[in-house]
Every structure is written in C-alpha cells, then in structure tokens.
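Each of the next two complexes has chain A plus one more chain, namely chain B in the first and chain C in the second.
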Partner chain A sequence: MSAAPNRRPFDVGRAAYLTLNALLLAFLLLPIAIVLVFALNPTPYISFPPVGVSLRWFEKFFGSAEFMNALWLSLWVASVVLVLSIVIGAACALALARGNLPGRAVMTAFFMSPLMVPAILTGLALFQAYLLSGIGRPVWGLIAAHTLVAVPYVIRTTLAVLHNFDRRIEEAAAVLGASPTRVFFEVTLPLIRPGVFAGGVFAFIVSFDQFPVSLFLVVPKGETLPVVLFNYMKFDLDGAIAAASMVSILLALSVVLVLERLIGLKAYVKL
Partner chain B sequence: MISRRKALRTGAGLAAIAAVGAPSILHAQTKTLKITTWGGKWGEVMKATVLPAFEKEFKCTVSADQAFPFLPKLQVSSKNDPIYDVLHTNSNEQWNAVVEGLVMAKITAKEVPNIADVYPYAVSDKIVGVTIFTSAIGLGFRTDKGLTKPTSWKDLADPKLAGARGGYLIPVNSLGQAHLMMLGKVYGKGLTDLDAAYKALEALKPIKLVDFTGQMEKMLLSAEVSMGVIHDSGVYRYEGANMQPVDFASPSEGVLALEQVLNVTPGSKVKELAFAYIDYMLRPDVQKLLAEAVWYSPANKKVKLEAKYDAKLLTTPEKVATLIQPDWKWYNARREDIDARVTKILKG
Partner chain C sequence: MTSAAIKLDQVTKTFDGRVMAVDAVTLDIAAGEFFSLLGPSGCGKTTSLRMIAGFEHPDSGRVHVGGRDITDLPVHRRDMGMVFQSYALFPHRTVAENVAFGLRMREVPKPEIERRVAAALAQVALTGFETRKPGQLSGGQQQRVALARALVVEPPVLLCDEPLGALDRKLRQQMQFELKELQKRLGVTLVFVTHDQEEALAMSDRIAVMNGGKVEQVGTPTEIYERPRTRFVADFIGEINILDGGGPLRALRPEKIRLVAPDGARLAGMVETANYLGGSTLLRVRPTTGSSMLVRETHAGERASRMPGDAVGLTWNDSDAVALES
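Let's look at the complex of A and B:
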C-alpha cells in the first residue's frame, strides 16, 4: 500500500491570516522601499519611475557639513536622552508601582501627560519658559525637553514589566541576607531590564526623530537633523532628503539591533 | 550659477573693501547680531561669504537663524529683548509683525543710507521695513508639452491643463495668497475683488497643490505639472544644472512681487548694528553676489549684473514697473475668512 501524500488541506483561515500579515508588512515597509528608490534615483527631483541608480544623494548628504553636524548633534542628544529617560523613567515606574503613593493615579496621568499634549505646544511652552527665565536655548534645554517627552515611554514599558513581577523573588533575596541595594541591583533590575531598555529604545528614537519640540528650541548652528531636513525641504527638495531619511531609518534600526544583541529585547516580547 | 571660486573672490573683495573703505555707520565691538535668514543656496552664500565679511568689517558675530518659523519665535520672546535684531521674511509676515509692534513701521535713508538708491517699490506704502530683493511671481511651464508660452494669467485656466496645473495651499503659502489676489484683478475689479477670485479659483480645479515653492519647482522639473504659479528665481536657478525643458513667463497683466524684506525689531539692543547690516545688504557688491547666486532681482538701482542675469531679472525702471505689490495689510486682516473659503473651494 502506498503512503498517502502528507498534504495539508487548504486552510482558508490560515491563508487569510497570511495574506493579512503580508498586507500589513507591505503597508509598513513599502514607504521605506519608496524612500530607498528616491534616494538612489540620480535625478535632481523626486520622480517615479527612477531613471538609474546613483549614490550622488548619499554623497551630498555625507559631504555636507550642515547635515553631518546635525546628524551628530541628533545622535548625541538622543544618546543622552536615552540614559536620562532610563534612569528617570525606571525610578518613576518603581515609585508608581510600589511606592503606595497617595494620588498615584493622578501622578501616573501627570507623568504621561507629555504624550497627550501636542508636542508642538510642549516645544512652544518650553521655549517661552526658557526665554522668560533668561536661560536662552542651551543644548541641555533641548535635552531636557526631549527627555520630558521620552520618559513616559520608559515608564509605560517598565510598568508593564512590573505588573507581572513576582515580588517573592525579592523577598527571598532579602531573607537570605541581601541588602536592599543588592536586591535592587542583583534581582529587581535584571528582571525589569527588558522593559526599561525597550522604553530606552523608544526614548532614543523619539529623541532622534523629534521635530515639533526641537523646532523652537534649536539655535543657529545647533540644529538637529529633523529641523535641518525640514528647512532644507523648503528650498531644495531633492534626493538628499531621501538619502537622509534612509540614514535615519538605518541608524534607528541599528540601535534596536544593537540593544537586542546586548540585552535581548526578545525577553520583553515573551512576557 | 555662481561658482565657489567666484564667491570666494567676491568675498575677499568685500573684505578688502571693508578694510580700506571704512563705513560711516558703525564699527561695533564684539557684539552679536541676531538675524533670520533663508536656507538653500542663499544660506550657503550668506554663511560662506556675506556674513563672515560683515563680521570682519563690523567686528561682531552674527547669529543667523535658518530654522522656521521665525515670527512665532519673535512673538514669544520679550519685546524689550527680542530673539532677533533683524527679521528677514517675505512682505506678508512683516505686516503681521508690525501690527503686533514686533518690527519697525518704516526704515529711512537716515538710518540706512543705501535706501537712497533703491527702487521705489522697495520702500513703497506696501512695504514694512525695506525690500532688499524681489522675485517676480508668474507662470512656470514645460516647453515640451505642446504649450504656447503663456501671456496671461488666464492661460493657467486652459482646459488642456486640467490636472496638470500647479498651485499652492493658500493658507500656508504667500505665492498662493498673492495669486488669489491676482485672480481678483484678472477676472474682476481688482486685487481685492475676492468674489471674482474665488470664482476663478474654482475654475482652476483640478489643480495640484503644494506647500512650498521648492515642491512646485520639482513638480515642473519632473513634469508632474505642465504649468504652475512660481517665482522667476524658482525656474532660473536651475539654469545649467539640468536639461529639463522648463521656462518662466511674465503675464501681460503684470507679475506679482515676492519681496525679501529686512526689518529691525524695536527692542533690539544693537539697533545701530542692525541698521548697518541692512545697509550692508543693500550695497551693490553684496546685492550683485546674492542676486547672481539665487536669481533674485536686486532692490538697489546701482547694481550692474552680468548680461545673462540682467536679461532676465528686474533691473531697469521699465521692468520694475511690471511689478504688482499686493496689499498684505488688507489681506492679513481678512485672512481667516479667506482661509476658510479657499479651503472649502479646493477641498471639493
């Protein structure tokens, strides 16, 4: 007797599921593909279909002191914001989750409020506050503003981890003689780390791509990449914009991949 | 287009002039002048040549803000200690600023001696501050689409151009606003005939709309539109840079002025230096350098441009006479109503 071929019957539900996923992926990735096509198209204007392949816009982007200064400033600011957001956001999340603080719900809403207010208003309000207090527009003011809008992401992801946290592990460590500090660094922090760093990734990307808040807070010769790109577009709408966009996308992707390799963000996804 | 070598040579020339021909206005000591300025090619020439020469001559530093929006930043800062000393914008924004007391109403030759040499339009009653350059808003068109060169603003309404004509989102673009007023003049009783303008705007549909002039330039270059409202600089500045068949036409009814206006903030702590900067920007050498870099028509009558620029830009009293200056004070006072109406028209 010959064996029947091991064929799975056509599953309409599975096919629909796969089709939906493919469509969602296309929806997410197609804009990036279009940006790449524009970045490689040598014409001095954005057009379709492309007439060839050229790296001239990448050369223009990397050869421009203005773009490079803006890129490095954005990277530097985003890196500092990442660190500050992690420290502040994780501390806030721990206090909100465990502090038994009076008015906890109000405080949570307060810390999340930067996400609810239009970012352009946050930028304008900070700009006014800085000027009125005589601070001017120092780079630390820009960092503080970015941190303000980035911290809620860390709080949210850390709170999600803390929600599933088994406190008996900490209690066991304490019973075994570990000091509160040691419990925090050797038990609590490693367990909440995926949530903290996932929030950190968001914080980095939010800062690196931040436009509305930066718009009012950057100074001459100290403009971040999104602001420089916006102003560039008003006068020169060519492939350099697409090249800059590709570089931004790749940089953000690199940060995610590096953090994934270093701390394993997958662990957070499994929670 | 101006070459790097030429720009540097001119810059060196400006510096040399600065060294020997001491101006009578002011030589400030290590002060900082806060200005706004454009980006693009204009910004490149300013940063590479014009501003360093000014800093050297006046022994000051210039902090040049290229990041829009300028007016909201000025509005938020204290009037007694404004964020800018010199505001560079198009004319419509200056009118918004003067209503709020953010800039001076008039600047005269007493404060800025080179004003004595500008064309009348640069300091007309339609201008707050002083115009240092102007562009002519007319029609850009493709020469490879079988179109005859437009001679009237009405040519944009040609049915053949349905879906291939370009305009602006009027609430956010001053060229679009100026064009709306021109529709009132061409189809109605004058620039302020809004009913005629609205009707004519309706007839231009379907029309492709953009926010920035840079986008219109690219739509013409890529043949996404065959004809569009644009300023002459937006067409001429590509000369020699590409082989796209795009040209500029000045309609017989006149071209609209897109003025580059400088003005001083009343609360500036370095007002004399601010006037000196405007005077410097009106010097023939500086005007020639910038005019030839970005294809703007200089406001100073004494400027002599190279032949190819002279042939196309507004450099004689006869050519300047074709300029029509919109009344931005009138327009800004009705802006909310106009925005609501045109949005309704163009959304449909």
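Let's look at the complex of A and C:
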C-alpha cells in the first residue's frame, strides 16, 4: 500500500515572492511591449488603443538616410568602444587587484568615478576641454568619451572575477614550468575572459545608448542614433521613434545573446 | 625517477617586516624521503614549503636542492611537482590537458606527451577520464588528477600542501595509502605539509614538528611519539599526561599507565569519565591529590573493566615518563 503524497501546504511567503517577481517583470517588460505596439500601429501619431498592424514605421526608419547613417555611426562607435574598454578595463582591473599598489582603494574609486558623476556633466566637461585645447569634435573624441564612461563597467566585472580567483591555479602552472608570461596567457587570461566580456557587453550598450555625453560631442551630419532620435522627437512624434527603439533593443539583445552563447556569461557575472 | 635531497639552511622569513613566519629553520631532507612538516596553523610549515617551491623568497638563509643553491631561482625553473589542498586544477582544461601542461611547457614532442599522459592517468586509476573537465570530477578524483599532473614531469621533488585536507575521512585514509605507496615506488623526495598528526605519523619517514616559526623536533614517527623532546611536541601529538614532580616535567602517554588496585599504587583515585573508543577506552581519573590523568585501557573484550565512580590505582614504569626540555 502506498501512502498518499503529502500536499504542500499553502505558503504565504512563497505566494508573495512569486507575486513580487511577476510585478517586477511586468514593470521591466511592459514599456517594451508598449513601444512594440506603437511601432506596429499605423496611425501617424502615437495613440492608444492601436488601430492595426503595419511595418510602415520600420520602412520609414530603414529608408531614411539620416537614421541609417546615425545607426551605422552608433554601431561603429560602440564596437570600437567595446574593444578599447575591454583592453583598458581588464588591464586596470588586473593592476588594481594584483598590483600591490599604494592607495589601491582610492585608485579604484577614481577609476569608477565616471559612474558616479552625472553623464551630462562628463559630456559638458569634455566639450569644454576639447574646445579649449583646440581638439574640436572629431569622432575619436566621441569614442574616447564613450570609452571613459564604459571602462568602469569592465573594471567592475573583471574585478568580480579576480576577487574569486584561486591564485593557486597560477602557482600550479608556474611550478609546472610556465614563465610569468605563459601563466598569464595560459591561465589568467582564459579564466578572467568571461568577466571581461560581460563588462564588454555593458560597454557596448553604454556607448550604443549614450545620449548625455554624445549630445555635447557630436557634429551636424555626424550624430549618433540617440541624438538623431532626440532631434527627430522635438518635431515629430510618430511611430518611427518606436520602430527605432525596437531596432535598438533587438541589437542590444542580440549582442548579449551572442556573447552568452559564445562564453556563457551567466555562470560568471557576479556584480 | 631521480630524487634530490633538500636542505634549508638558517632560513628566515618575515611578513610585513614584523610577523616572524619562519625563524632560522634548518632542515636536512634526504633524497627519496617522505618528510612531513607538522604543526598548527601559523607555525610556518606552509611558508617553509612555499620557500622550497620558490613562491616566497627567504629574508635570509639558503635553500639547496640536489646540492645546488636554488634560493634565487624563479619558480618555473625549479623543476618540482606540487599538489595543493584546493587541487588548483585548470578549470578550463580537460583532465588530459591538465596532466599534459608541464610536458607542454617542457616542449616534449606530442606523441610522447600523449603516451606519458596516458601512463600517468593509469598510475592514478583515472584512465577513461581524459576528456572530462575538473568540475565534473569528485574531490578524490580531482586530487588524483593533481597528483598525475605533478608526477608526469618526473620531478625529483614533490611538494604537498595539505593535499588530503579537503577529503572526507574514509577517502583520506585510502589516499594516504595510495600516496605513500606511489612515493615509495617512484622514489621521489616528498615534502608533506599537514596539521593532522595521525596523518603525519602514518605516512612519514621523518617528521619535523614546527611551532611559532621554529622546528621543535625532527625525528621518525616513533621518536616523535615515544620520545617527545618538548612539552609542545608532547601536547600536539596524541593524548599526554604531563607530570610535575619537581625537576623537569615528564610526559607520560595514557597507554603506558596500568590500572591496578588502589592500595600500594603510585596514584589512587576515582574514574571520572570513560570514553568508549571502540578498540580502547580513554578514562579520566581524578587522583586524591594532583590534576586528573588520562589512561587508555585497551580491551579485547566488549567493554572497559572500570566504570565512572570506580576507585582505581595507577602505576607505570619510570622509563615511560619522558623528561621534557623546559
């Protein structure tokens, strides 16, 4: 004779936990759903409820030279920022975690400070600095500015990995005959790579979405997508904005998914 | 496999300029010897090992291996094997790649690497695990991989930093047998750091008991156990009674004491507690004068002959009470 399975008693705490999770997810995802609705709604102004489904706003977005130039510029800038941030950020994190540097806490705070300062101030300060030093507003100046605000993300994710790093693994490699350079390339780098790439994802998105810093540093005809969208919105508020937002979201999402697929971010990112 | 003698000559190491981790330690370890550094945490045993490996540079004193002064040689040129408590396997590489690492660093030709990796894995009974990642192995298997990885390069010296500390008791005992057997078969000089006195007694040819950065005593397991030189060594290894009868303190092992009738015994008292340990019973006896004594009664029968509350007499041979240096 088998005993009747035990029924799980109703658990108030668990119910509250599930409800809270559902509410948080709704709060995060509903705005995106609304943007999608607007992007597909054919009316020439943003309205609710939608009256139908059409791709005319996506056609307008992809058919506009202004939007396309801005999109390519943003993608190009974000890609360069991604590469620069992971190189600089990983090197900084290694120096901070391993360097035995005097005033390490102060230096860490200094490198993280672009996260603390409002981006609009960073943008304004760089704008003035560029003008005063006669640099003007070249693309590399924009890239440098984005890199400045993106590097702390890479430093943080890399430091998180280094914090949990068992240094005996490097010692084991050294005893087995690996010189310090070989230890770095055979052991250290492969093991911190997930943290570096996780920071790289943030760096890419921070640059691709960057508005306040870019606002001061772009030149006419050389504007990034967020700036173009902002200018467009000042005069028109139609579904093209929503379509552009959807494209941005999908691009950002695909970067995350590709990196997740390649290196399995989930297991490593501890912020 | 060749093996090498190790000599530490007046080696001293301080940390942050203040903490004396290792204080003028001199050790002579013979080629092919299983030598343990035994002591509580902070006694300097691990720092001593790390100076042999080259991870720490002594403030003063020299380290010799195979008759050669290696004090200033970097770690990767010392040609040693090392096994860590945390195993320290490369988590991003397979078992075979882990074991092959040292051979690859030595630029051994590929076919020979494959042959030697297979032989090393066979030696630790892990054939068939080549393509697994360390994360897919149990603790005991990981430690075997670490052992194979260290031994495949045929180092003259194998350093072990509490290698069995993370294993459960049963597995640890099994690995003790395997490691000792392997060491004898290969003839490698093995320096073994442990805080577990039973482990040190069971495995070592000789033991150095360390305390506060200094070596208290070096000797065979029997010498260390039967003839402790200092109170620290006597206390640290097994159970002990310290007798203070004027003159030097004397150390008396609980199993050297015989239970007799109270009349005419050296000490008369009452059994306070009796801890049944399976093959023996450890009694605590409170004498009419003085501090309580531990007595081990080995019994072939089912239980100890004395119960708490029983009046007993204690006696022992003078030669079993070892005089300690003050």
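Operating definition for what follows: the second predicted complex is superposed on the first by the 262 of 271 C-alpha atoms of A that agree within 3 Å, B and C clash if a C-alpha of one lies under 4 Å from a C-alpha of the other, contacts with A are read in each partner's own complex, and residues count from 1 in each chain.
In this section, a contact is a pair of C-beta atoms (placed from the backbone, for glycine too) under 8 Å apart; a residue touches a chain by one contact, two chains touch by 3 or more.
Bear in mind that the values here come from a model prediction, so they are computed numbers and not experimental data.
Looking at the shared chain after the overlay, A:K234 reaches chain B, while chain C stays out of its contact range. Of the two partner chains placed by superposition, only chain C is touched by A:L191; chain B is not. After overlaying the two complexes on the shared chain, residue contacts for A:F127 are found with chain B alone; chain C is out of touch. By the touch criterion defined above, A:E171 reaches chain C but does not reach chain B. Of the two partner chains placed by superposition, A:L262 touches none, neither chain B nor chain C. In the superposition on chain A, no contact is made by A:V53 with either chain B or chain C. By the document's definition of touching, neither partner reaches A:V12: not chain B, not chain C.
When both complexes are overlaid on chain A, the residue A:A105 reaches neither chain B nor chain C. Counting contacts as defined above, no chain A residue meets chain B in one complex and chain C in the other.
Across the complex, chain A is touched by residues 38-43, 63-69, 72-73, 76-78, 83, 212-215, 217-218, 221-222, 224, 238, 241-242 of chain B.
Residues 166, 168-169, 171-180, 182, 186-187, 190-191 of chain A touch chain C in their complex.
Across the complex, chain A meets chain B through its residues 43-47, 124, 127-128, 131-132, 215-216, 218-221, 223, 227, 230-238.
Contacts from chain C toward chain A in the complex involve residues 53, 55, 74-82, 84, 86, 88-92, 101-102, 105-106, 146, 149-150, 153, 159.
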